[in-house]
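Down below are the structures I want you to see.
There are two complexes below, and they share subunit A, which is joined by subunit B in the first and by subunit C in the second.
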Partner chain A sequence: MSIKILNIALADDDEDDRTLFKEAIDEIPIETKLSLFNHGQELMDHLSLPNIILPHLVFLDLNMPIKNGMQCLQEIRKNPMLDQVAVAIYSTSSSEKDIESTFIHGANVYINKPNNFYNLKDVIERVLQVNWQYQTSNLNKDNFLFRL
Partner chain B sequence: MRINVRIDCNLILRTVLREQLDELDIAYELSGPGEVFIRQELSDEKKERLVLALRKYGIEIIDDKQLALVERIKAAIDEMLEHEGEIAEKVSCYLASKLNYSYSYLSGLFSENTFTSIENFIILRKVDLAKEFICNTDLTLTEIAYRLNYSSVAHLSAQFKKTTGLTPTNFQRIIEKRKARFAEQT
Partner chain C sequence: MNFKEFSTSTKKYIILLIASVVVLLIAESVTFRQIGLLKESANRVARNLEVQKAINNLYTHYSTMQSEELMALLLGKEIKESSWEAHKERTYTSYKSLEILLKDAPAQQKRLREIGELQDAYYNALGSLQESGADSTLLSGNRPALIKLTQTLAAIRAIKDQMLLEEHRAVTLRKEEFDDRADITPLFTLLLALFSLAVFLLAFARIYRNKQRIKASQEFLESILRNTNNIVNYYEPVLDDSGNVKDFRIVFANECNRTYLGLDPEQIKGQLISKVFHFLSLNGELNQLIRCYTDQEVVYLDRQLIVQGKKMWFKSTIVPHANGILVTGTNNTRAKEDEEKLRDLNEQLRNQNEDLLRAEAFLEGVLRSTKNVIMSFDPVWDGMNTIVDFKLLYINTAIQGIVNNEVSGLVGKNVSEISPLIFDSDIFRHMVACYKDDKLVDFETTYTRLGIEHWLQGTAIKWHQVITLNLVDISKLVLAEQNLKKRNLQLKRSNEELESFNRVASHDLQEPLRKIQMFLSRFFDMEQGKLSKKGQEYLAKVNKAAERMQSLIVNLLAYSRIDSTNDNFEDVDLNHILNKVLEELALTITETGAKIRKDKLPVIRGVPFQMEQLFLNLLSNALKYSKPQTQPLIEIRVEEVHRSHIGQDFIKSSRNYHRISVKDNGIGFDPANASKIFEVFQRLHQKTEYSGNGIGLAICKKIVENHFGHIHAISGPGEGSTFIFYLPSS
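Let's turn to the complex of A and B:
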């Protein structure tokens, strides 16, 4: 499949984190279209709209009010319409149990929120690169599992 | 009941291409992985029908010459990995002679279009094959390392960990738990 622009969604309740994420992604040479959501429910409402262009990749914060990242992940993986959407968990938690549990529930990438802008940009760029390869090559998406 | 299947992408691709091209009465030759030589001029209408017929299967005709060459590089890499061990040349020599372009041209073109280097893509592809072997076969890590032409298990494990952030054992455990969970649900 050839893609010109990667469609990306981020659900994070922290406004500063959303801003930093947008600034970081704007500096990466891969062309992207980013949609931002203030919490999980807002994202899930968006994904259930008819005729939307689905994101290739969704970044989910784990701790969010109303609907948290884990609940979103489970809903996304239960919905066959969202089969092709890759999910990256984006969290401050580095507990092994959290990490393993998100993978078991179908997450593709687990990212520890980096503590400075430079690392953030670096880690997002790596996720986009890897995701690009999975979208455009015959790599097996069932085995798309990365921890960064 | 649950069954597991293994697929041969290349065979599927060739079979679907044959069926669809025959159906549209087009004279062709399958010249290589992901490459078809059409032995006639196609009318716009016929081309349109072919595009639509193949799209159903997730097969896309690449009009862009650069992207087409990127796909040929990827196909050559897959072929090389299948015969890993038998090919003694360096990757750069292998690709240059196989595709008839200088390696520096190929590698520049590849990076521009895929946001990764040929070297990194090969590592990602090898790790992907290792994952495939871990999930779908009873091969031991030693055997997998041998098949993918790693000098040792340690080398395979280190590259696996560096690329994915997980050890092979860790990866295997997660996939097994994930399968068990999804089996429970259905």
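Let's turn to the complex of A and C:
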């Protein structure tokens, strides 16, 4: 298994969260390339560009202006081109309703935004590890599904 | 058929027969005697002849002796004694036999004795003659002896003649007698024979006639037996070893046995009744039959029998008759059935009557007790086939509260007279519609009385061409409903506000808090070494406060999220839930060394995560509020109780409830606070002493109530507490 860089994208309207996320990713000893987007629309625009390297994993905040996380998730899942993209929901909401509906619409992971940096790092690392296994094994997005 | 005449004629015949037998016997004995007499007469004649012969014989002997002696004298021959002495012997014999023959005739015997006396003289004369005769010649010296001899013989002859005469007379007499009898006897016998013949002819005639009569009555009886609708059987007893009647044998059975019981009368004849009629030994009737026979008394039976699967009623009369019993059975099934039907019908009628009375009482009760105004009307038509008015037929007393008139004064009047305004209201229109369309009409309408608007709810129904109108003043209800609607609207609005608050709390409040925590942790990571000890302590306190605030927000959210909709109810196995909670609390349980005892819990209808929350809160409370230096003991018990046995006051929509209790041996609480603890933000303990945010039990209460149950707690300080909740049992 060749070592390759894991492409990650994060769409979050909160600047602090984006910064913290980046800081956490930087401290995780997995080689990654992170793209940051200010809202859902930005992400979707990027994904629709031709000849781009598709991210392996997309982190989606749910509560965003212009295009929210749920809309993004639905669009991603509708687009066959983005079939290989895994989606992790990254939200403050811990409501059962949100968790259930995102899984129904094809999210692979549901993460509650942690309230300290240590937990944030831990969560992202676990997701990346699992995603790594997902990428390198015959697991598919249908059976790659967990909540953190 | 005159049976009486028949029986008396038989009696007469028997008397006649006895009489003729007596007559015959008398006649027979008379004849027998006659013949006996005849025989005796004949015997006597024969003896007379014998006597005559014997007399003659005797005399012959005497004369022979004389002549022999005389001859011997004449001849001069030495006469030996034997010449007449030889005759002496025979004479003696003759004499003796004569003596025997004459023993019944004393006169003759006397004569015979005289002869006997003469015989001695005669023998002497003969003897003397013989002696003299030896030396003398005939007649010379013997002359006196000879005379003497001759005289004696003559005397004997005279007696002999007398005797013969006597005998002859007797014979003549007997002969006459005999002749007489010989004449009477055949005649008598003939008469007797004729009489007997007559008697027998008469008897035969009688017998023949009676036989004819018997035959006729037998045919008559047979015809009766054949054509009767009754079973007629005759049984004779069968004895056991000790001579008691144990059974009966069927001697006679008529055709009805086939008709009713399906038994061939010819086949059952000779059989035991217990074998043919099984029911006899089953229902004890056999004993009654035996009693009838032994006590010679009539037994009546009237009972239901099951014959060939059919239920039948038989009325039987058992009469002792001759050497047996006569059983007459009438099939009165039809009558019994009719009787039963009649009884049923009567019963039904009575019930119906009772029902009717009850219904009447019920109706009267309803009409008197209801606050509704109930009226019935007949329509009033004009010539154009249009209903123009209604005539009041009945009205209940409830109207008195509305109009001041007496009820009795209203009946018979037209509506237009009582309340002309009715033509302006909808009521008249609804009544007409009800009548014409023949359907029930429900309506609501308003009317104004004394300046106040009233709401009326009415129902008009047509029943047997009569309109019944039921009116109820629902003004209060309408008002209450309007109030309720207003309240609901308010509630809805406040709910919406609450919801938006929830949203704010869940997301918007949490966001900045999370940030605070996040940056605190960053700050702490990076600057920890640079801070003074005091600064570190303050930072830790800030962190703690932020954590506490977060916990509060999370719990508040959890509390507000317990929505009261139950469309997401599913079957929840509480055992499964409890195990999950215990797993979650495993660390605390191990740390505190708590002991958990639990019953097998039921499966209920509910929301799984809420149930989880409920058990989690209760168990963590129990663990949290444990006594120091005491091993916590938590008991989870369950029992099913009927709602009537639940003292707690709440709406019990289910018949049975699961009573689940969580009991601990912890610090407990003051019973005065038993209901307070379920309110939000009620904390009974110092913050520092026991960690808690005052929402846990409020959540429990909300969850239980959301599941149509009830929760309460009992305790005393230091006693441990028991949380009891009821959940509906399906």
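Here, the second predicted complex is superposed on the first by the 144 of 148 C-alpha atoms of A that agree within 3 Å, B and C clash if a C-alpha of one lies under 4 Å from a C-alpha of the other, contacts with A are read in each partner's own complex, and residues count from 1 in each chain.
FYI, a residue touches a chain if its C-beta (ideal position, glycine included) is under 8 Å from a C-beta of that chain, and two chains touch if they have at least 3 such contacts.
The shown structure was predicted, so the numbers you read here are calculated from the model rather than taken from an experiment.
K.L.:
Between subunit B (first) and subunit C (second), which, if any, makes contact with A:95: first, second, both or neither?
P.N.:
Second partner only, subunit C.
K.L.:
Could you look at A:29 and tell me whether it touches subunit B, subunit C, both or neither (first, second, both, neither)?
P.N.:
In the superposition, A:29 contacts subunit B only.
K.L.:
So in the superposed three-chain picture, is A:48 touching just subunit B, just subunit C, both, or none of them (first/second/both/neither)?
P.N.:
A:48 sits against neither subunit B nor subunit C.
K.L.:
Is A:79 touching anything from subunit B or subunit C once the two structures are fitted on A? First, second, both or neither.
P.N.:
A:79: touches no partner chain.
K.L.:
Counting touched residues of subunit A, say whether subunit B or subunit C comes out ahead.
P.N.:
Subunit A has more residues touched by B than by the other partner.
K.L.:
Taking the touch rule as given, give the residues of subunit B at its contact with subunit A in the complex, in rising order.
P.N.:
Residue list for subunit B touching subunit A: 9, 58, 60, 62, 64, 67, 74, 78, 114-116, 121, 124-125, 128, 131-132, 135, 163-166, 171, 174-175, 177-178, 181.
K.L.:
Of all residues in subunit C, which touch subunit A in the complex?
P.N.:
506-507, 510-511, 513-515, 517-522, 525, 546, 550, 554, 557, 561, 609
K.L.:
Along subunit A, where are the residues that touch subunit B in the complex?
P.N.:
My answer: residues 1-2, 29-30, 100, 103-106, 110, 128-130, 132-133, 136-140, 142-143, 145-148.
K.L.:
Quick check on the complex: what are the subunit A residues that touch subunit C?
P.N.:
14, 16, 20, 23, 63, 92-96, 113-118, 120
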